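In what follows, chain A forms one complex with chain B and a second complex with chain C.
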Partner chain A sequence: MTQYFNEMYQGGKVRPPYARLEDWMKAMPAELRTLKQAEAEDLFRRIGITFAVYGEGGDPDRLIPFDMFPRVFTGAEWARLEKGIKQRARALNAFLVDVYQRGEIVRAGRVPSRLVYQNEAYEKAVAGIKPPKGVYSHIVGIDIVRTGPDEFFVLEDNCRTPSGVSYMLENREIMMRMFPDLFRENRIEPVDTYPEILRRTLASVAPEKCTGEPTVVLLTPGHFNSAYYEHSFLADLMGVELVEGADLFVQGEFVWMRTTEGPKKVDVIYRRIDDAFIDPLCFRPDSMLGVPGLMDVYRSGGVSICSAPGAGVADDKAVYTFVPEMVRFYLGEEPILQNVPTWQCGKADDLRYVLDNLSELVVKEVHGSGGYGMLVGPKSSKDQVESFRAKILADPGNYIAQPTLALSTTPTFVAEGVAPRHVDLRPYCLVGERIELVPGGLTRVALKEGSLVVNSSQGGGVKDTWVLAE
Partner chain B sequence: MLSRTADNLFWIARYMERAETAARFLEVGSRIALLPSAGGYRNEWDSLLQASGNADAFARKYGDPVQRNIESFLFFDRDNPSSVASCITTARENGRIVRTALTAQVWDALNTAFQELRQLERTSRSELELSRLTEWTMRHAAMVRGAIEATLLRNDGWDFLNLGYHLERADNTARLMDVKYYVLLPKVEFVGSGLDNYQWTTLLRAMSAHRAFHWAYGGEVTAAKIAHFLILNPQCPRSLITCVEEISIHLNRLARAYGATSEAQARAQDMLAALEATKVEDIFDEGLHEFLSRFIREVAGLGSLVHETYLSGDMR
Partner chain C sequence: MLLSVDHVTRYRYDRPVRAVMQSHRLTPSKFDGQKVRDWTVTVSDGIPGGSFRDGAGDRVQGWMVKGPVSEVEVRVTGTVETLDLAGVLRGHREVVPPEVYLVETPATQADAAVVELAKRAAGADGALSMAHRLSELVAEAVAYKPGSTQSQTTAAEALAQGQGVCQDHAHALIACARRMGLPARYVSGYLFADAEGVPHEAAHAWAEIHVAGLGWVGFDPANRCCPDARYIRLGSGLDAQDAAPIRGVARGVVSEILDVTVAVQSLQQ
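Let's look at the complex of A and B:
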């Protein structure tokens, strides 16, 4: 039986950051809890917050279950996480600048050439381009799990367009509305500065050709997209226009948006559509979502695109293995956040180990996401393990394996009362002229007893995440 | 403001007004059909479809104009883009796209109409009286309109909503009056008869203007009075002149806000001036149908100008 780190109770005692929450929990009768839970759900439905986390697919009008029991970090714990996250975001961006320029890390033999240049996320179209301020990934979502008091591991990096931040903001909003006393009793760092910092970050990477106050827009695939709510929510809070591809056009050396007062020049595009769709003349010719000619303007410095096209090469699961190496290579520092040990099934030695220990490991597709197409060895039947073995053998390079992590648990409201459930954390690091991180993030919780999969498509929910002021 | 946002607001208003008109058409039709007439039952409904501009689409799908099918077509049919169900769904979808440009109350009114519509669609048709459907539509149209007037910031977005409402209403009032032409055309000898008056009165009822008409004119219902009321009287909220005046007001507001005059603005002023100079005799001299057809074309032209000027966002 694996021992899980319980973030609230250690050796029968309450850990200090949760002290006041224990009183709160004990003082809440079951009826009130049910009432509050219904109220929270009603609030979510009323504001229309429905979405799916990056790449998970599923019903666009689905509501993700909200758990009212907050997840808490001390100021000291957060300070260390913050350093580690910012360090990683810096290294990932340095890597991106490097692999689209001289490729020093490849020449030095620290990252295999094949993983970079033959990666399907490597965009030849942007080779040689250095985006403003040398930033490719402006919003880095880093998925982190905890296994002990001081043990944090990075599960994966999201350098393209990580979603879910609207949940971080709405979870807090709803908790503050429903339990104002909790916020008087605990000194909780605010997260509602995120939209303003995001806007500032985007404005800070305006192209050189932009003089004066830059015009920022958020480019969405449209209202049929499952994350449309988040797009309109962020655009509204930042006070920028929410545009679709058809609202933009290229003329001369700039990108323009169609407004009631005529065309208006656009300087920075925070895009929430994939590389493949942003410009039909450069990428997929059948894309209806993008802007024809956008890449030409981008290449000639007429507009900034966030995240920059090509950022995806830093965040696949095979490149992930090398992030600690990037930290050492570019920053000359030791990584503060650890990677989960990972075996590449594409390597003969690793493959042998993986096949010998399949029932102990978690196996994932290199490009997979959303908890689909993965094997959780200890939670799978013999048949499932064997059929997965066949899949790995058919295409070993497509898989990586990791030990089954003992994800920490936090108390969670369940039908029977309060019980420990496994959680992870996705903070959103903003990279522009400066690197900033609001104290908090999205905590996802596996609501099924014993489950280690927190993805909303697999029965996961979300929680408010607190960082206590020191 | 983004042109698409303005476009979405414009179409929320147009579709809500259009839904109301579809319901009014149904009301006119069912009342006219209650009356025994020379043309027979079939003829009235047919003229209704003609005037709504949907006769071909209906014939392709249903064949003969039977009342029950017409009710389905004008209220429930999603294949008919002008049915009440289609209009309310499209208006709400437009609203969903620009949620942040609307107040919670406006969104709530749009969304409630849509949610209740879905319930109506699940209700057995035998339980749904036609009058209930038309009243339901008008109630929800009024709630959306009320929420807009009571809660929305009076900025350019409000102007685009109002342009949508009044362009659509101008078109619809003209079309509703045109029904009369189609109903009466085959039998010129009916003009001035009891039947003729009954039909005119029905039209007034469908416009919720029956009482208002009597307040304004009194005495006997005549074609001239009604034409004056629905075309030239600026007191009547649905009259053509009121609609054009409102369009002109909102185009002027936009021109002021943006600091740029527009061709649409000039065109609306011309139309208003022409209506102000028109006497009801002029209309009958030209022929009511001819006058209305010309007016419908002019309104459509004005709509295109608004689109070119503000909603397309092209280089000018």
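Let's look at the complex of A and C:
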């Protein structure tokens, strides 16, 4: 029986950060809870926030369940997480600058060249380009799981356009509206500074050709995109224009926005469109979403694109294994946040270990996604394990294995009252002239009892995430 | 050789379009085999945009034509001094690692027949002779026949029908080379056709294969040779689309008629 770290109760005692929440929980009659839950749902529906997180599929108009029980970190816990997250964001950006310039980390033999240069996310078109302030990934979303009081592991890095931050902001907003007392009794660090810090971050990477106050816009694929709500929400809070490809055009050395007062020069584009679609003259010629000629302006220093095209080469599943190595190589530091130990079946020693421990491990295809072609050892029958063994042996290089992680639990409101449910965390690190992290993030919770899957398409919900002031 | 180029591309739209955007790779590459005497690119009513040298060493220049416009003319004129370097791209500065050119694209995807053809060069002594062998194999397998293929034809399709034009030869050679572990890329440029030459268009394309120790080496299966002083190199890419000298879109286009004339002449021997 696996032991899970319960973030609220340890050895029958309440951990200090949750002390006041225990009183709150106990003082709340069941009828009030039902009422409040209905009120929260109503608020979310009225706001219109119904998109699927991280493009994980499912009904786009379905409301993601909101759990009112907050997830809490102490200031000390957060301080360490913050250092680790910022360190990782710095290393990932250093890696991106390097692989598009001299590729020192590859030359030094610390990262296999094939993983970088034959990666489908490597963009030849930006080789040799150093974006302003040396930043490729301006918003780094790092998915973290906790397995013990001091044990945090990074599951995945998202260097392109991580979504979900609107949940972080809305969850807090709704909690404050429904339970103002909680925010008087607990000293909770604010997260509502995020849009302003994001705007400042984006403005700080304006190109050198920009003189004066930079004009920032948010480029969306349009209202049919599942994250459109988030795009308009963020643009609104930042006080910048929300634009689609057709609202922008290239003329001369710059990008311009059509406005009622005539064309206005655009300096920084926070794009929520994939690389392949941003410019039909450089990438997919059939794209109708992008801005023709944008890449020529970008590459000649007339506009900044956030995240920079090509940033995806740092957040690949296979490249992930090497992030601790990036921290050592570029920063000369030891990684504060650990990766989930990963065995590469292509290596003889690793393969032996994996085959010997198959029923305990999670085995994934290197380029697989969405949970396909995956073995969850502890949840599989003997036959399934054996047939998977044959698949690995046929093509070992195609598989990696990881331990089944004991995700921590936090108290969650369920039909019977309050019960522990497994959670993960996605903080959003902002990288510009400075590196900043709002104290909080998006906590996803697996609402099904015993489930370790927090994806909203599989019964996951979201929670407000608190960091207590010291 | 001293070669002169006069290359005119005319786009006609059946109804005026709102705007035309283009990205050009129409400037001769900088390497030991060619030296530009003079070179001009003009776009009718065009507003020049950003210009830069990209990671592959190509000079890229953006253009915009404000509408309404129903005809756009791109004219390239100039003279270039060329040297025969036996296909070797000596003195060319680029930062993209050769390994990047091992990645397949839809146009250069190998099918069983491509793999089969490529394997016939397996016994070659070293990368250079393998590259030569592959170029010969492609020349034998795909006969030059203008009009037999379209711009969308893939390497596998050209090989299957056994005929094509220079674009198909280049794609087929690239597909074969990558399959044999040799980085390969598509090159667009011009070719001066002398009297004895095989007939072909002066706007030409060939392949480059990376040979360790030697660098990038050009191979032109269509003419069964390596690029020499008759060739002017413009730019490269993973395939024809990626290496296109002109990429463009017109906003509000209904239908477009394209007319290209290229004249490459030798001014002195």
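One rule holds for everything that comes next: the second predicted complex is superposed on the first by the 424 of 470 C-alpha atoms of A that agree within 3 Å, B and C clash if a C-alpha of one lies under 4 Å from a C-alpha of the other, contacts with A are read in each partner's own complex, and residues count from 1 in each chain.
To be clear about the criterion, contacts are C-beta pairs under 8 Å (C-beta built on N, C-alpha and C of every residue); 3 or more make two chains touch, one makes a residue touch a chain.
None of these values were measured; they are calculated from a predicted model.
Trainee: Applying the document's definition of touching, compare chain B and chain C: which contacts more of chain A?
Mentor: C
Trainee: Just to be sure I read the superposition right, which of the two partners does A:A19 touch: chain B = first, chain C = second, or both, or neither?
Mentor: It touches nothing on chain B or chain C.
Trainee: Check whether A:G128 is in contact with chain B, with chain C, with both or with neither, and answer first, second, both or neither.
Mentor: After superposition on chain A, A:G128 lies in contact with chain C alone.
Trainee: Using the touch definition from the top, say if A:S232 reaches chain B (first), chain C (second), both or neither.
Mentor: Once the two structures are laid over each other on A, A:S232 reaches chain B alone.
Trainee: Who does A:T259 touch here: chain B (first), chain C (second), both, or neither?
Mentor: Touch partner of A:T259: chain B, not chain C.
Trainee: A:Q251 contacts which: chain B (first), chain C (second), both, neither?
Mentor: In the superposition, A:Q251 touches chain B and chain C alike.
Trainee: Considering only the touch criterion stated at the top, classify A:V243 as touching first (chain B), second (chain C), both, or neither.
Mentor: Once the two structures are laid over each other on A, A:V243 reaches chain B alone.
Trainee: One more residue to check, A:P285. First (chain B), second (chain C), both or neither?
Mentor: In the superposed model, A:P285 contacts chain C only, not chain B.
Trainee: Where on chain A do chain B and chain C both make contact?
Mentor: 251
Trainee: Spell out the residues on chain A that touch chain B in their complex, using ranges where they run on.
Mentor: Residues of chain A touching chain B: 48, 223, 232, 235-236, 241-244, 246-247, 251, 257-263.
Trainee: How about chain A: which of its residues touch chain C in the complex?
Mentor: Against chain C, the touching part of chain A is residues 100-103, 106, 113-114, 117-118, 120, 122, 124-129, 249-253, 280-282, 285, 292-293, 295-297, 299-302.
Trainee: For chain C, which residues are in contact with chain A within the complex?
Mentor: 19, 21-23, 47-52, 54-56, 60-62, 64, 66, 95-97, 99-100, 102-103, 238, 241, 247-249, 251
Trainee: Tell me, which parts of chain B touch chain A in their complex?
Mentor: Against chain A, chain B makes touches at 1-6, 93, 96-97, 99-100, 156, 160, 254, 258, 260, 310-316.
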